[in-house]
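Below, chain A partners chain B and then partners chain C, in two separate complexes.
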Partner chain A sequence: MDSPLTLEPLFHIGPVPITAPVVVTWAILVGLAVFAAVSTRHLKLTPGKVQTVLELFVTTVDGQIRDTMQRDPAPFRALIGTIFLFVLVANWSALLPGIEPPTAHLETDAALALVVFIATIVYGIAARGMKGYLGTFAEPSWVMIPLNLVEQITRTFSLVVRLFGNVMSGVFVVGIVLSLAGLFVPIPLMALDLLTGAVQAYIFAVLAIVFIGAAAGESPGRPTSEQGETSS
Partner chain B sequence: MTGNIIEIVSILAAAIAVSFGAIGPALAEGRAVAAAMDAIARQPEAAGTLSRTLFVGLAMIETMAIYTLVIALLVLFANPLAG
Partner chain C sequence: MTIDWWTLGLQTLNFLVLLWILKRFLFRPVSRIIEERQAAAHAALDEAEAARREAREVRDAAQVEAERVAAARSDVLAAAQQEAEREKSRLLKEARAAADTALAEGAAELERVREAQARALAEDAAQLATDIAGRLLARLPEVARPTAFIDGLAEAVADLPDATRAGMGADTPLRVRAAQDMAEEERNMLRRRLGEVLGHSPKLTFEVDPGLVAGLELVGPHAVVRDHFRADLERIREELSRHD
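Right, the complex of A and B next:
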């Protein structure tokens, strides 16, 4: 049986080996970008079907951010929404035959968690200033500084392993069952995978909200809207 | 022969890790579901919120079991000692 931790390169671009999850990631990125561009080109005041779904999605994300952070959701909407959509589509890309979800490999999850980690620092510094942000590490007292530093690392690491383990175990179990028993037996497990994928995408996004909200603080922030660049 | 022993021990370690690592999350999930059932029985009108929170909580608890699975797979497939 193939190891879920190693990857064979599909082809090489110059000296850089390109693996299957990277190609799937590119396809998802292009697909989401094209979908977003096409579906938001002609926005109307009385929305059609697609626009209604999009507005519902944006409202839900806004509501989650507002409930968790107690802040104006506008600066965080792009990052959190993109993370949720990408992880959801990536988890569900297993529906297409022959495609393994890119989140079932450690590297994709590590990259996503790194985005969240950097966004935490950037939003924290933007909201509190450099001195104020570094000061949060000494709360409630300076004794907690090592513990807070370790917490930054471990929670990012657990973010990686949580997503990786859940998606990978789903793929793994379906593979094992498929090698044991034939045609229709894995279908319930695949349905369970869909539920797990959606829940994990939700959890990943909510944890990103919680981390960023903790770094940015409770105070109703200044309207900062041009920080979306860091999210891509 | 040494590599062989390491492989045998790795398989045993993976099995033990998963079996014992599953105990805690299993008990925890049982308690969580029981508490949610109790709450739904008392307040059926809150079933939607409760089950949504329950699912998220279950996924969080399940992650603990998944951690041991990841460790087991590391030991089996990416063992630094097996060479």
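Right, the complex of A and C next:
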């Protein structure tokens, strides 16, 4: 088993080395794109089973965003939902034989954390303005500016390390057990990895909501009743 | 530990691409269909509310109409009752008047019948009295002899007007009707007495009529002089009938 901290390119496209996590991510990207395109082709007011699951997922994401941010979830829906879906599918891709989940590599987790970091800044500035956003670093006092700056970095790193550590450890444990014991022994651990993967996807998405919500601040008004009904 | 920056960049790019794809093909259409369903539900609710409001208005209008109809019905019933009372009073009055008229007519008819019966009874009684008197007088032949009536007849002729009395028995014989056949002596006595009253000896013819009961009757061309019981009894009967 290769070290999770090193990546060997599978091939090169020009000067760009293409590694396994990138290829798996492309596969996930294509699969999700095809699934989304096919499943939303014939949406109806009276939903079928697949549409019902999709609507349940979207309303759940909306409800989570609304409960955490106290804001209209529409501007954040796609980002949070995509983070959750990608991390979940990437984590569960470990179930496929020979596939190593992209989130078991630091670069993928760092890319996700980088997106969240940038989104936090963008949404913060959009909601508060540049001066208002920068002013949040001086809260509750200007003395806290260094700590707040460090917090911005550390919490992003914590996102990376949390996801990376949990997924990588699961993959390694399963790999080690598989190399030491029989074929079916790691199955309980793989089942545990399913749970861990779902929980980590949820945690990553919720933390993204929290970080973005903290940067954007509370909405001047509560979500409307229509939006409230959407979460139910 | 090393970071593969190419991989980091590609994964970031991959995620952004995935974000765009899912936003374009998953979240936007699903959220749109949810909003459409909510809009449809709101529209249905609004429509239902409008229908409920309309139904309430129709119900209120129907209630008002029902109350109006009930009030009109009460008015019509009251008017009909008053009309019925008036008609009843009128009919009672008419019936009472008709009954009074019928009673009056009945009483008048009864009075007429009673009077007619009384008259008939009086006539019957008079006839019966006449018959009884006739029969009783018929049993008194001596008293009833024509002789006893000669003076009375002569006095009655004497009471006639002179013009009537002047020509009696002069040219046309006078008919003398007697209840019994008169003897020659009685006829001469009568002729003599009439001669005294008339101033001349009249010509006489004699007839017997038992219906006279008793007495004489002198029949002339212009006058009839009666002095017999039948005439008396008829007078009595007329008097009795007149007094009843």
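The definition used in the following text is that the second predicted complex is superposed on the first by the 218 of 232 C-alpha atoms of A that agree within 3 Å, B and C clash if a C-alpha of one lies under 4 Å from a C-alpha of the other, contacts with A are read in each partner's own complex, and residues count from 1 in each chain.
Basically, a residue touches a chain if its C-beta (ideal position, glycine included) is under 8 Å from a C-beta of that chain, and two chains touch if they have at least 3 such contacts.
Everything quoted here is computed from the prediction, not taken from an experiment.
**Q** What is the contact status of A:A37 with respect to chain B (first) and chain C (second): first, second, both, or neither?
**A** A:A37 sits against chain C, while chain B stays out of touch.
**Q** For the three-chain arrangement built by superposition, which of chain B and chain C touches the greater number of chain A residues?
**A** C
**Q** So in the superposed three-chain picture, is A:A126 touching just chain B, just chain C, both, or none of them (first/second/both/neither)?
**A** So A:A126 meets neither chain B nor chain C here.
**Q** Would you sort A:T196 into first (chain B), second (chain C), both or neither based on which partner it touches?
**A** A:T196 sits against chain B, while chain C stays out of touch.
**Q** Touch check for A:P102: first (chain B), second (chain C), both, or neither?
**A** After superposing on A, A:P102 lies in contact with chain C but is clear of chain B.
**Q** Who does A:G165 touch here: chain B (first), chain C (second), both, or neither?
**A** A:G165 contacts chain B only, not chain C.
**Q** Overlap the chain B and chain C contact sets on chain A and report the shared residues.
**A** On chain A, the residues that contact chain B in one structure and chain C in the other are 5-6.
**Q** Residues of chain A touching chain C in their complex?
**A** Of all residues in chain A, those touching chain C are 5-7, 16-19, 21-22, 25-26, 28-29, 32-33, 36-37, 39-40, 43-45, 47, 51, 54-55, 58-59, 62, 74, 77-79, 81-82, 85-86, 102, 105-108, 110-112, 114-115, 226, 229-230.
**Q** Give the list of chain C residues in touch with chain A in this complex.
**A** Those residues of chain C that touch chain A are 1-4, 6-12, 14-19, 21-23, 25-34, 36-38, 40.
**Q** Going by the contact rule set out above, which residues of chain B touch chain A in the complex?
**A** Counting only chain B, the residues touching chain A are 55-56, 59-60, 62-63, 66-67, 69-70, 73-74, 76-78.
**Q** Could you please specify the touching residues of chain A with respect to chain B in the complex?
**A** It is residues 3-6, 158, 161-162, 164-166, 168-169, 172, 195-196, 199-200, 202-203, 206 of chain A that touch chain B.
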